[in-house]
Amino acid sequence: MADPMRIRAVIKDGAVNVKILMSHAMETGQRKDGDGKPIPAHYIQHVSATWQGKVVLSAQWGTAVAKNPFLEFSFKGGQKGEKIQVTWTDNKGEKRTDEATIN
Amino acid sequence: MSSIKLRAVLALSGLVLACAAHAQQKEAAAPKKTAAPVKKAASAPKDAVTADFDKFREVMEDASPAELFEAKGEELWKTRRGPKNASLEQCDLGLGPGILKGAYVRMPRYFADAGEVMDVERRIVYCMVTLQGYKAEDLAKQPFSSESRTPDPVSLVTYVAGQSRGMKIAIPQKHAKEREAYNVGREIFNFRAGAWDFSCASCHGEDGKRIRTQELPNLTSKKDAIRAFQGWPGYRMTGGLMHTLQWRMNDCFRQQRFPEPGYASETIADLLTYMGVNANGQVYKGPGIKR
Amino acid sequence: MKTFQASIFGAAVLAIAFTVEAGDDRAKAVAMMKRDFHAKGIAGTDRLNEDGLQALCNRSGNNPSKAVGERLQQDQLEAIKYPADGKFLGDWKSGERIAQNGRGMTWSDGGAAANGGSCYNCHQIGPNETSFGTIGNSLRQFGKTRGNTPEMQKYVYGKIYNAKAFNLCSNMPRFGHSGTLTEKQIQDLVALLLDPSSPVNQ
Amino acid sequence: MNQTRRNVLKAGGGASLYALLAAAGMLRPDTALAADWNQKAFEAKNLKDAFDALGAGSRADSIGIFMTAPEIAENGAVVPIGAVSKIPGTESIAILIAKNPTALAANFDIPAGTEPSVSTRVKMAETSEVHVLVKAQGKFYVTKKEIKVTIGGCGG
């Protein structure tokens, strides 16, 4: 199973600033291993963040997002103590959801 | 001792996305392809380039992938594991069992229970053996990160290091064994041998030197000594792997044309004592990002 | 008077003790490394055995006494194997490739691929390579300023073959002596530095 | 119970509930998202095809888009890119790398209430122009910047 994300959600300048690190290989599918065999693509295709049941960010990714991806965005309305959930889904159908409390 | 590594572009020919990034196993003999882009960088004004690197390095260190390994390490630290089904929470890193804050910046140090000077990784391995029942030989088999796995001690060291973020390096020299480790470490640092007559000092004993475009810290000087410590454990952008100082020392000895040092050996502990003590008093910023 | 003598005696003992201790640390370091290192790939543990030159440089802080130093330097000089046909100048184009190539003699090297000279790691050489190190001096325009005489060719060949024959505790590896580079490779490097048509001299 | 959910419940059953839930983003993300992933755009081998697949065949240069990125990336494996749109009604922000094997790196949908500002890190195969494409009120706007890539890392 995939390792947990690191999510930081902090109120800054009247908005909730969210920084997310995800543990993922983001394999492009264009590389070959030591024996010359292609390494299959394995990468996150979707990321969505929800707060109070509302999607506050939805992203589609390709293979060019760096290994162990980082994502930062900000949204309005969140209050201290409320939670945000982040879910990623990769091209193999694997997914992971983690939650963080707004600080 | 970090000589330019020419990434295995050839070994991975046919690879369209030549993100050197990922091609990290072997050095290749074809410098042209890899050297070319470096020229562009080198021809730009050096200071501006370095300033730009530093700026974005700072941005990235604010949310460093190293944090993922800290999180993993924390989980490993607190989970009951191993043949003895124990957590590492009773592991004494020098400040008492389970006390992590400030432990990293006070190592290597002498541990009476082991009768030895130990750096953080040597100590964690010791705890994994004594508390959890793992075998030291097993832990030494594949001790460095690869694409397929991050060894547990690597994540654990990263976690422990993160607990000393922003603290001053204060490696003790009170115990006779600690002073001896420093002196022996200094001799290891200066010991020339091998096919190319290199010692650590061949590359890291003078100010302002470079290998290719890579600047070399003078690890014998107070001013530069921190650079041996800072940024480690480090997330290497090339390959996206987490590495500790054990790996750094290992790869330095490889490029020194030496045989391979034992993982978490006393040799490495003493060498790290010498380099670490020289950096005493400087602030450790926590696990970092390496190129 | 007694006190005076005692203090001289004390100082002498201290001085001896200090020397012994430094040597002691080195002995401990060497013993420890021999215990802790293992062979890997082509890098055997015999690499930890100092040869005479390494031992002297290690024991003198790379600054041996003149007498011993000169004698050892002479030994190194006499051991240089110059090309049998007396030809020193090879192909500068091949020399450039050898100068660029940084592989060789590590535990991850070996096999079919040729060793390189790692020259750019430490030296500025050709005008088109801006990624060069600074541990060694710049070799730009080397032939232009030194001249392409037979004596200079022989000197450069010898210097690459065994830099220690000219500067005993030099940082530069002994590329011929250590078996890193072949005769032909060294000739090509000599050409890179001295051949008037080499970009180094443009 | 929060305001949104109360409204949803008031609205009652049937298709309208489904629509409202979907609008509020309360359905499991993958059900909606699987269809969202723009395969054609992400598999496009060049910039033009990627723009076309995103529906951005015609687009205007804009000074209302700001890109934060290094002039020279220290390592092509990890290039930090930030994109901010000052164009009113920004609906999405995409990052495209002209010379990568597939040009489109990421596309972010910006719902109302979320600031039109995202940061991520991308891989770059070589020195290339990087484009930020913004969709606002149905129209497309773009800005670009060249980022040089140095490859060939050292010990560190």
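Note that the chains are named A, B, C and D in the order they appear, and that numbering of residues resets to 1 at the start of each chain.
Heads up, the rule we're going with is that a contact is a pair of C-beta atoms (placed from the backbone, for glycine too) under 8 Å apart; a residue touches a chain by one contact, two chains touch by 3 or more.
Bear in mind the structure is a predicted one, so any value in this text is a computation, not a measurement.
Counting contacting C-beta pairs between every two chains, the top pair is B-C. Relative to the C-alpha centre of chain B, the farthest chain centre belongs to D. Measuring from the averaged C-alpha position of chain B to that of chain D gives a distance of 36 Å.
Centre-to-centre separation between chain A and chain C, using Cα means, comes to 51 Å.
Annotation: 28 Å between the Cα-based centres of chain A and chain B. Separating the CA-averaged centres of chain A and chain D is a span of 13 Å. In chain C, the positions touching at least two other chains are 131. Among all residues of chain B, those that touch two or more other chains are 3-6, 16-17, 19, 21-22, 35, 38, 60, 211-214, 240, 255. Annotation for chain A: residues touching 2 or more other chains are 28, 30, 63, 66-67, 70, 72. Listed by chain label, the pairs that touch are A-B, A-D, B-C, B-D. Across the interface of their complex, chain B is touched by residues 3-4, 6, 8, 19, 21-23, 25, 28, 30-32, 34, 36, 63, 66-68, 70, 72 of chain A.
Per the touch definition, chain B reaches chain D in the complex via residues 1-7, 16-22, 34-35, 37-38, 40-41, 44, 48-49, 52-53, 55-57, 59-60, 211-214, 231, 234, 236-240, 248, 251-252, 255, 289-291. Every residue of chain B that touches chain C in the complex is listed here, in rising order: 3-6, 26-29, 31-32, 35, 38-39, 42-43, 180, 183-188, 190-199, 202-203, 206, 208-214, 216, 253-255, 257-262, 265-268, 270.
Residue ranges on chain A touching chain D, taken from their complex, read 15, 26, 28, 30, 45-46, 48, 50, 52-67, 69-77, 87, 89, 95. Against chain B, in their complex, chain C makes its touches with residues 21, 25-26, 28-30, 32-33, 36-40, 43-45, 47-50, 53-54, 57-58, 61-62, 97, 100-103, 105-109, 113-114, 116, 118, 120-122, 128-135, 164, 171, 173-174, 178-180.
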